[in-house]
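What follows is a short report on a single structure.
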Amino acid sequence: MSLYLEVKNLSVLYDRAIVLNGLSLHVNSGELVSLVGPNGAGKSTLLNAMSGLIKWQRDTLKGSVSGKITLNGSVKFDGAELINLPAHEIARKGVILCPERGRPFREMTVQENLEVGALFLDKKVADDNLEKVYALFPVLKKRSSQVAGTLSGGERTMLSIGRSLMSEPKILLIDEPSVGLAPLIKDSLFERIRDVQGMGVTILLTEQDVSFAFDLASRNYVISRGKIIAEGTSQELLANELIRETYLGL
Amino acid sequence: MFVSILINGLVSGAVYAILAIGFSLIFGVAKIMNMAHTAFYMLTAFLILGAITFLDMPLPLAAMASIIVAGLLGVVCYKLCFDRIKVHETAVMIISVAIAMLFEETILLTFGAQYQRIPPFVEGYFELGGVSVLNQHFFTAGASIATLVGVWLLLSKTKLGKAIRAVDQDREIANVMGINVTKTSMQVMGISVILAGVAGAVTAPTIMINPLMWTNPLVIVLSAVVLGGLGSIKGSAIAAFILGYAETLVVFIVPDGSFLRGAVSLTAMVLVLLIRPEGLFGVAFEEERL
Amino acid sequence: MTVPFLQVENLTKDFGGLRAVEDVSFTIDRNEVVGLIGPNGAGKTTLIRLLMNILKPTAGKVILKGEDITGQKTAKIVNKGMASTFQVVKPFRHLPVAANVMVACLSPKTKRKGEWVKTVELRALDALEFCGIADLALEPASVLSHGDLKRLELARAIATEPELLLLDEPFGGLSPAETTLVAGSLRRLHKGGRFGRLHSEGPAMLIVEHKLSELMKIVDRVIVINFGKVIAIDVPGNVVKNKDVIEAYIGKGGK
Amino acid sequence: MWFRKSVLVIPGRVIALMFGITLLLFPLLTADEATLRIVTFAAIFSLYAVSWDTLTGYTGQLSLGHALFFGVAAYASALLDLHLELSVWLTIPIGSCVGAFIGLIVGLPALRLRGIYLGLVTLAFPIILSGIIFYFSDFTGGEAGLYGLSRLAEDKITAYYIVIAIVMCSIFIMFKFTDAKSRILRTGLLLRAIREDEMTARASGIDTIKYKLLAFAMSGFFAGIAGGLYAHYIRVAGPSTLELTFSIQVVLWAIFGGMGTIYGPVAGVFILYPLTEIIRFYPYGEEVRFILLSLILILSLLFMPEGITVWVRDKIEQECTRCKVINAATRRTCRACRAPMYLTKEENANQGKE
């Protein structure tokens, strides 16, 4: 398996507050890797930094919201350096973020939401992708002309995954897919994520729900205070008493 | 009476709607409170006047050229001013006021302060229900509504339109979905100013034009945008029609009270906001209030 | 029969169609430390916001010291003796850390004759010292790290001299060593007394937390909620054995 | 001693002090009535701009219709003067109280609205009021306004000193009222807290509603003083004091000078207002003055988006990173804790690189 995505020494500072502290990790092609850790550990910040959002915030908002932002390190994807690319270029290279709670475009219909994902592709490719997404998530087809703001939590997450699939991703960065979902919906989402992986898409997801993440992923990282604390398969991590107690809270 | 209220309300409502849509587009996409928006409307009217008197252009050509020039000027303003300090939202707002002032004073200097007239696009008048209505009014209403339909088609059918709406609703997510937000913002600035220009061109023949004519519509547009719920393009258009009709009604009920026009629509806005702080069509998300 | 210190009756909250908190009832006594646990999205944070009236409950009552405080202003509730920390910390970013706490020291509740105006700075410093971040007092809050912000939030809450403290993930994002430290301070705080010029009334506490091992050491009772409903209220020893609780936490497979 | 320690060593305060002294000695420097008039107006408008800054810069309640307070007080003073023939020393305070009362009324929607929504609602009030004033033109004078008010004082120089004294005292009160570091009044800290995050302030037990209304009332009161002085100085209270441009003008001044600082709006007014008046005396000045003014505004905001005083302040003053005491930028060690200042500069530069 080839090294696909490699994050090296990534640091993010909001003013002088360190959110990511020289973090490194890698994802191989075709893998499903999970990133678990408590609130405020820096999971979302990591995904945002990889997808170019932090860079965008740094350049556009210039700290008007949360102070001066500093971003250092390297994110290599398929041999290309991403850290200095604007977010839309990163997306066009096939690294797509599914944000926490989906964040659909609320006032657009489900179908329009999906179409936005493929705006930079040809119409024909976009239509094909739409078919594929509808086949994967029949529930979205049922709701295709409904305004996205009225969707339930699970549907929003599915919509955001579907929206990312529209842009023919090579790697999906899914932020907290299971947050706030009922067990039944969690289970079906679990299956869908497996299906997406089956389509040949590499996935990096963050989770607070350790059992959900560990069942799904082939390899896991434990993150705490902006650093990777441990890495390994679910069995390895669960076998380690210290990590289980202090970081996973099991 | 009823017919003329209907027509006049329609005319002013449609024009305000065009202005309000342009304003809320650039506000939604680039977070710019463009107080110079209606100054572009005034500018276009005077560009047309200039093109007719100094360059002897035929009216339709003059109108087209003026709208395009205004649009280009808008993009230049965006590039030179707004884009460079977009972080400081208050500074952006003040710069737009300064730009509006600059336009106003330049026009004052070249054309003078007196009221001037632009010939109508179509001559003559028309009897309807016992009232004579100028054909120009029909033209203005028709052109405005055609523009509104055009904007609606642009926003709902084209790729650009979808990109604009996506950026309007969530800039960050639109960005990570592969949309170039900076480029879209500039395009929207162009579109927004062109809309203001269209509004100026179609209204100019129905009123006396004057360099100070941008303040009153600005107040109406601001209240329409807030009344409709900031960020809701549809809401601001509908609110613009409501305010347009409210204004027309006031003029009919209190004939010599044209100074009350602004006051009444603003009172309506204040009352609505007190009852529904998020505007008529805005959505309040309780979960996000903290 | 005595009136319980805090009594929550049938508290319910709807978000649009979603019922985030459903028919929650429980009581807390004056000298109790109670844990509130449950999986992500179970409604713990919503419950705390409902108690503080940051969100308006759809139905139900909150009774503090025998007085119905449902729907009263948040500031008024704080002045009646119930304070809370938030999971998402929002400090006054451009104000120094000390000033952040001083704002809480200025609330009417902490007003005591004569010494009030003079001791505001000193009491704020004492609160910071108690939480272990006195050395950062002059820095603006925007430079604090996540862990320090959590402690600032705690300092702000205890500076209002509460009788009941609602803590939303006080250990969230803290390292194990820091967690032990903060847990220790919470225990000291609960005993009450004076810390420098800071007066602690030995508040009762309701603690929302994910780090169960730490939590179980300091609490007297645990409330478990899932899908907005209370599924168990018991002493820590029994809760871990409760079948419903295990299922809610580990999931149906029991893996 | 206190004065030498905390005023004379800080360049910004030295400039403020010199400015104050210059204002007091101004009539000795020039006897030109037109110049004196410009400075008097600048003083009145700076009080007006400072009152806007208290509300928007410090408390974060965007007011786009500040002319309301100014105009209402001007009209109230004029009516009291013309109909009840009260003395100037009564009409201005009563007028300002009316301003404060109007502030409270406008403040009520502020409890539900925030940001640009609030700005738009405040923008509406003066326009609504001027509609009413035109409607009842018999009582209010309509377009021409109320004229023939009694003078502040018989001669110009006395009037100048009255205005300067009142304005200086008012600005000093507001400086104390909004100073977050003040040890006497705590309102400054609370207002800043409300601007930063209202929810956190409430959770700290602060009744934010009370303090927001207080800010509105204070702001209305001092804008009212400015309005009363203005009306009595030019002896007319007209609808121009309620115009939209007059509301926007104050925002221009304050943001040009630097929002959220008391000295910023003062500097903004004292730079921009005399400038627009002086240009008039030059050939073609009358025609091009607003063009020049807007160009100056655009350029200065492009390079100093946080306002001119903030830009200057950052050049001449520096905060010690250790003890947060303000030092002159030229100092090499902190005057309070003796920590080396140049080191902290380097530290700041290196911050991003670690």
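For reference, chains read A, B, C and D in written order, and residue numbers begin at 1 within each chain.
The criterion applied here is as follows: a residue touches a chain if its C-beta (ideal position, glycine included) is under 8 Å from a C-beta of that chain, and two chains touch if they have at least 3 such contacts.
Remember, predicted model here, so these are calculated numbers, not experimental data.
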Spelling it out: a chain qualifies if it touches chain B and also touches chain C; which chains qualify?
A, D
Of all chains present, which has the mean Cα position farthest from that of chain B?
C
Taking the mean of the CA coordinates per chain, how far is chain A from chain B in Å?
40
So, what's the distance in Å between the C-alpha centres of chain D and chain B?
32
Quick one: report the Å distance separating chain A from chain D, using the average Cα coordinate of each chain.
49
Mark out which residues of chain D touch at least two other chains, giving numbers and ranges.
199
Where chain B touches two or more other chains simultaneously, the residues are 87-88, 290
Can you pull out the residues of chain A that are in contact with at least two other chains?
16
Please name which positions on chain B make contact with chain A in the complex.
86-89, 159, 162-163, 165-166, 169-170, 172-182, 232, 283
Quick one: which bits of chain C touch chain D in the complex? Just the residue numbers, please.
52, 54, 73-76, 78-79, 83-84, 86, 90-96, 99, 102-104, 106-110, 117, 120-121, 138, 156-157, 159-160
Write out the stretch or stretches of chain D touching chain B in their complex.
109, 112-113, 116-117, 120-121, 123-125, 127-128, 130-132, 134-135, 199, 244-245, 248, 251-252, 255-256, 259, 287-288, 290-291, 293-295, 297-298, 301-302, 305-306
In the complex, the residues of chain B that touch chain D are 33, 35, 81, 84-85, 87-88, 90-91, 94-95, 97-99, 101-102, 104-106, 108-109, 215, 219, 222-223, 226, 230, 257, 259-260, 262-264, 266-267, 269-270, 273-274, 277, 279, 290
Write out the stretch or stretches of chain A touching chain C in their complex.
14-19, 38-41, 66-67, 152-153, 178-183, 208-209, 211-212, 215, 224-225, 245-246, 249
